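Just below sit the structures, each encoded as structure tokens.
The following pair of complexes shares a single chain, subunit A, combined with subunit B in the former and subunit C in the latter.
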Partner chain A sequence: MTRVWASGLFVALLVAVVWSFVAAYDTELWLPQQASSFAGEVDALFNSILLALTVAFVAVMAILILAVWRGAARTERARTSHGDVRLELLWTLVPAAVLVWIAVAQGPTWRAMKGDAALLDRPALARVEAAQFDWRFRYPGADGVYDTADDLLCVHELVVPAGEPVVLAMRTRDVIHSFFVPDFRLKQDILPGRDTKLWFQAPASGLHELVCAELCGWGHYKMAGVVRVVAREDYAAHLAELALRLTHNGTEERP
Partner chain B sequence: MDTAPAPTTTTLLKLAAVACLLAHLLASCSEPEVPVQPWRANPLALEKLGEDTQAAAQLAQSLEQLYGTAAVPGGAVGVAGQSELSAERARMVRVSNEARYARALAALESGAWDSVKPREGSLAASWRALRDRHTRGELSDAALRAEGRELHLGWYPTLADSAHLYRMECQHCHGTEGGGDGSTAHFLKPRPRDFRLGVYKWTALASPARPRRDDLRRTLHEGVNGTSMPSFARLSEAQVEGLVDYVRLLSLRGEVELRMAATFESDGEWEEDAAQVEHEAVWSRWQQAETKVLAYEGVVPPSTPESIARGAQLYNDATKGNCSSCHGVDGRGDGPAAWKIDARGERVPAYLDAWGDPILPRNLRLGIWRGGDRPIDLWRRIANGIPGGPMPALRDTKDKDGVRVVTDEEIWSLVHYVRSLSQEGGA
Partner chain C sequence: MSRLRQGWSHVWSLDHKTIGVQFLISSLVMLLLGGLLAMAVRWQLAWPWTEMPIVGRALFGDHGRVMSPEGYTALFTMHGTVMIFFVVIPLLTGAFGNYLIPLMIGARDMAFPRLNAFSFWIMVPGIACALAGFALEGGAAAAGWTAYPPLSTVLGAAPGSGAGQTLWLWALFFSGLSSLSGAINYVVTIVTMRAPGMSLMRMPLTVWGLFVAAALQCMALPVLTAATVLQYSDRALGTGFYSDAGTPLLWQHLFWFYSHPAVYVMVVPAMGMVSDILSVHSRKPVFGYKPMVWAMVAITGLGVLVWGHHMFVSGMSPIAGTGFMLSTILIALPSAVKTFNWLGTVWGGRLRLNAALLYALGFVSMFVIGGLSGIWMAATPVDVYMHDTYVVVAHFHYIVFGGTLFGVFAALHHWFPKITGKRLDERLGKIHFVGTFVLTNAVFLPMHQAGFAGMVRRIADPYAYKAFEPLRELNVYITIAALCLFAWQIFFVINLIKSLWGGAPAGSNPWEAASLEWEASSPPPHDNFDRDVVVVRGPYEYGDAAGEKDWLPQAQPLERSTP
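Let's look at the complex of A and B:
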């Protein structure tokens, strides 16, 4: 009876874990929409690692279940083993090879996302100014230079054009924040005293959540914004609308 | 077949521990709730009433009649805001609702009634009522779809809905009664606003009037940059309008409470309808706000080197702007008038604000503008001063002949100069 309970526990665990993934697939619990040029690549990497882990997990559980099932029936005294060089080599080298494979396989994607110097050296479309607990954005205005009289400021909503690489410069006023847009598969820490740049390209118009992914204080959970991707002409119109703020004389209220 | 050993006490205890852990995990899956706490009396008001517990009870009762309780806010005066919205605002509320409830609207379209689960109290109740009529056969599928859609698009929060949202989002800083004394308030500098004085800094108005809906909404939408007040733009327009209603209710209640207490302190008693009279007096000030908008009549002049240079002159001229006396010649907020030497010979801030906190002039070189970053916001701050603090209204500052020391146009030069202090430029 004990062997049924003991091995049954592990069978249940195996089934529950695998089932939770199968059930979550194709629902909103699975990965969010892919809304950037590199989102597909990131997901492919995620899926390949998930596949490798699934194989390893099922194999380990199968061995465990088998060992419990057979071991529970044995009546002789347990024998203690003091090391097996072949086994130890096996369980060291195989995971090491898998890790090396992961490191090599993700290299090109990582370089494209974070290391494209030619792209990152372009002038930034906007500057993200993170502070407890707001996302504020500053466009350089007509002169293309930041911190001048024609800068365009807004809070909460970053509007960017679709179908072209968008470079952002990022600063924080206080502590470490992290710019995280799940739909873009993009996450980048922003460190105090440092200008951090990132880029992405969103192929189509849409509205995407922006959250802070670095615990930044009591209001961390409130630090949410949106990235709105629009067509090029709508982007120009949005900037023109922001520019109206500079010449507003207060007679009719606009935001 | 071997038999399992009888479970020992230790095993049972372990099982109980695991069960507790699981129950806790399951419980944490549900929406967190902040319990309703009753509105307490303002200590400042109690002080004015002295030891008179009967008066305190009478005051509490009058306030409850007018404004209800924390659990059922509203009372006799209501102050719901939906009817005050302009046609344009009402349209924006609908558009925002459409975005917020996109998933529910899609579910309605496809007839997946069970997937429509509104979280807002009054919306959920109305939807349940519709479902009940549908189940009883009083409502066809098409009618349920149409009415359900209209319900979501036209939703405007009741005061109870907004009180719930306030408890979730605002109460931990601004306090149960809007006294700026929530549990996290003590860790913040500057302290969260105490609404009960009816004093608001960031308005577009020409006198220290009560703010308009637009002023409060803008503060909610943009936050107050450089303070702990974040932007609440992630909420829907209906939710923000509802919070404006609720903040106004708290502010009205708090101000009437203080005024009643002041009357009692001076007269030793109240007239029959004292609460109603005080309410009318305060409420009329809120209603007059729309007529007090401060605007610049004309085209906003562009920032030029000449204008900036003129602004610098005015900024430092003691007979004109006299800004440097507090904000310092470099604009770092370190002018001599902002400080004083106290009895112990220590250098301390010279001024207290309306809430009793020491206040220092803003450092103008940081580019952080609490009352809004638009040039017109700075123009209003300089022209009208900042209610509740020592920043004077330059528009009302006149020399001994009764002539204004700076004109409206010169205030723009000051704006250009002040803005230039944080605009060194750069890549």
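Let's look at the complex of A and C:
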């Protein structure tokens, strides 16, 4: 009796785990849309690791279930065995090979995400100035220099051009925050006292949620923002509009 | 009067068994408290900003029994702190380490009984400091159990960063002293006090697990304890170790230098205990004893080299990230070796499907889930996405709850007869196992999917983000399962009470187990053994080659002088 329900429980676990992944696949309970140049690569890596994990999990559970099913019914004594060198070698070397493959396979994506020096040394498109509990953004303005009179400031929404590499310089005014855009598969902590750079390239226009991923105080939960990707000409228009909004003194007719 | 005096002397006992039981009781009480905190956290995630029944009055009475955002940050901070520093670590090393090490190596007590008592009693002010935070104006510490500066060091950065954080640092300091003095004791005891014939390679894996965990604590724990002193100094004396003059990254390095190894401290002893329990109740030797020992040693050695995988998105150099990726991937290997050897142990065994074995099998199945999902986090590009999401929450709860706590339940069923002389009720044990097993998975499995969707940790109201709105139903379901899981533990409490009062007498060796602790009577007397034990074989002689009864005890049998 115990044998039946105990084996049943482990079968149920195996089925539940596999089902929970299959049922969630490509729904809103799965990775969100891919909206950066490296998002596809990250997801491909995620999927191939998932495949390896599934094989390992199903194999382990199958052996466990069979061992319980047969072992609980067994009446004769177990064979006294202290191990087997060949088996040990087998189950050391096979996982080792898979792990080496994972270590090697993730290299190019990691390099792509982190960008090279030439890329990150480009002038930053905007500066992220995180603060408890909102996202503030600063464009350098016409002179291309930060912290000058023509800087363009805005909160909550960062607008960037589509189809070209965007470099951001990030600062925090207080504690550590983390710049997380799920659709970009991009996350970077922002540390006090230093400029942290990151880059991404969004192929198409769209609206993407910006999340603070590092606990930053009582209002951490509401530190939401938006990254809006627009076509190059719309981007220029947006900056012009921003400049107008910041310099307009409210008395004259707007052009 | 004399009984009172006897009881009083019991409280201040230097006997390793009494101290072990003191750790056990304090950890189980704190487990209940940590569980309640988790329930409050889950309530908020399912039904944010609604009136919380039962605990709402105690926690947020002045707030209309509704969670406040700062209250939420204090809750998960204290849930993590309580569970890690006052439940899991003292439960494994304090309770089982104390109780089992001398008995299993054939010693009459620990090497330093006074230091041993100190290691328990210094934890008490630690617990007091941790709990006192809730009574403060600003509330308990609220900077996460990781306490990253400057959130934790700047008084105005978070409501709990005033006196609450100071108390939290004291709590960690005391807990660090407790663990360190225990760890030194365990290492010295195991190295110097083994019975004649008990070579290192004849020690049960339980002792090996506790041994390597203690060694790991000796290596890494002083770093965290020193780091808390530096943080205290930054706050109280105005130094700048973690701010302008230094860097917040320094704290992250120092913190994780111990707190990642702490994860192995929280699981390796459970691995050892589960290995023993699988072997005894499968009536079969542990498969691959030496690979099991070397896997534990490898986990310990690599364990101090992997802390940087918590910092892949911290702004640490990407090249350092690659190094930590490699060491982290490497540490998956000994875990895989252990898993396959557990399967090898039960394979072909004559299984007694009692509660102890069921919990041990539960440990294996869920440790595998938690271990495998860790591989995503070792692969840096995937970790960038997973970091600080619910995938991580699912991952470590599968290790610490599905793994370690199930190992603890297995160990309690297995060694309760030794500790008390009475057996736990099998039927209640099985009922408790089934519900806990089903509900644990019901709670933690869907957290993977929440994390895939990007839901981050430590947010009081996930639905402040449009992207997480579709997760509301899932969170309600997880919370209901969590409440049931919490309620289900009543079967364990009933079982403890019922068995303590009216449990069947256990005898000295109810499981026909071979290791030395079963040579002593149950409960063992003050000096453990009524004779000097001499060890003549390894701890796992079970099966068809092991004499007439299918097992052979580790100790040389008593010579009969009279027929």
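Brief remarks follow.
Following the convention adopted for this analysis, the second predicted complex is superposed on the first by the 225 of 255 C-alpha atoms of A that agree within 3 Å, B and C clash if a C-alpha of one lies under 4 Å from a C-alpha of the other, contacts with A are read in each partner's own complex, and residues count from 1 in each chain.
In the analysis below, a contact is a pair of C-beta atoms (placed from the backbone, for glycine too) under 8 Å apart; a residue touches a chain by one contact, two chains touch by 3 or more.
All figures in this text were calculated on a predicted structure; none of them were measured in a lab.
In the three-chain model built by superposing on subunit A, subunit B clashes with subunit C. Residue by residue along subunit A, subunit B and subunit C are tallied for touches, and C comes out ahead. When both complexes are overlaid on chain A, the residue A:157 reaches subunit B alone and has no touch with subunit C. Of the two partner chains, subunit B and subunit C are each touched by A:218.
By the touch criterion defined above, A:123 lies against subunit B but remains apart from subunit C after alignment on the C-alpha atoms of chain A.
When the shared chain is aligned, no partner comes close enough to touch A:241: not subunit B, not subunit C.
When the two structures are aligned on the shared chain, A:2 is found in touch with subunit B and with subunit C.
By the touch criterion defined above, A:147 lies against subunit B but remains apart from subunit C after alignment on the C-alpha atoms of chain A. Note: residues 2, 5, 132, 218-219, 222, 224 of subunit A belong to the subunit B contact set and to the subunit C contact set alike, using the contact criterion stated above. Note for the complex: subunit C touches subunit A at residues 68-70, 72-73, 142-144, 148, 150-151, 154, 157-159, 243-244, 247-249, 282-291, 313-315, 318, 321-322, 325-326, 329-330, 332-333, 336-337, 339-341, 343-344, 346-351, 353, 358, 361, 364-365, 368-369, 372-373, 375-376, 378-382, 384-385, 387-389, 430, 434, 437-438, 441, 445-446, 448-450, 452-454, 456-462, 464-467, 470-471, 474, 540-546, 550.
The residues of subunit B lying in touch with subunit A in their complex are 1-4, 169, 184, 187, 204, 214, 218, 221-223, 225-226, 228, 230-231, 233-234, 293-300, 303, 367, 373-376, 379-380, 416, 419-420, 422-427.
Taken in their complex, subunit A has these residues touching subunit C: 2-3, 5-6, 9-10, 12-13, 16-17, 20-21, 24, 28-32, 38, 41-42, 45-46, 49-50, 52-53, 56-57, 60-61, 63-64, 67-68, 70-72, 74-84, 87-88, 91-92, 95-96, 99, 102-103, 105-107, 109-111, 113-114, 132, 174-176, 178, 180, 182, 185-194, 196, 209, 211-222, 224. Looking at the complex, you find that subunit A touches subunit B at residues 1-2, 5, 123, 131-136, 145-149, 151, 153, 155-157, 218-219, 222-226, 245-251, 253, 255.
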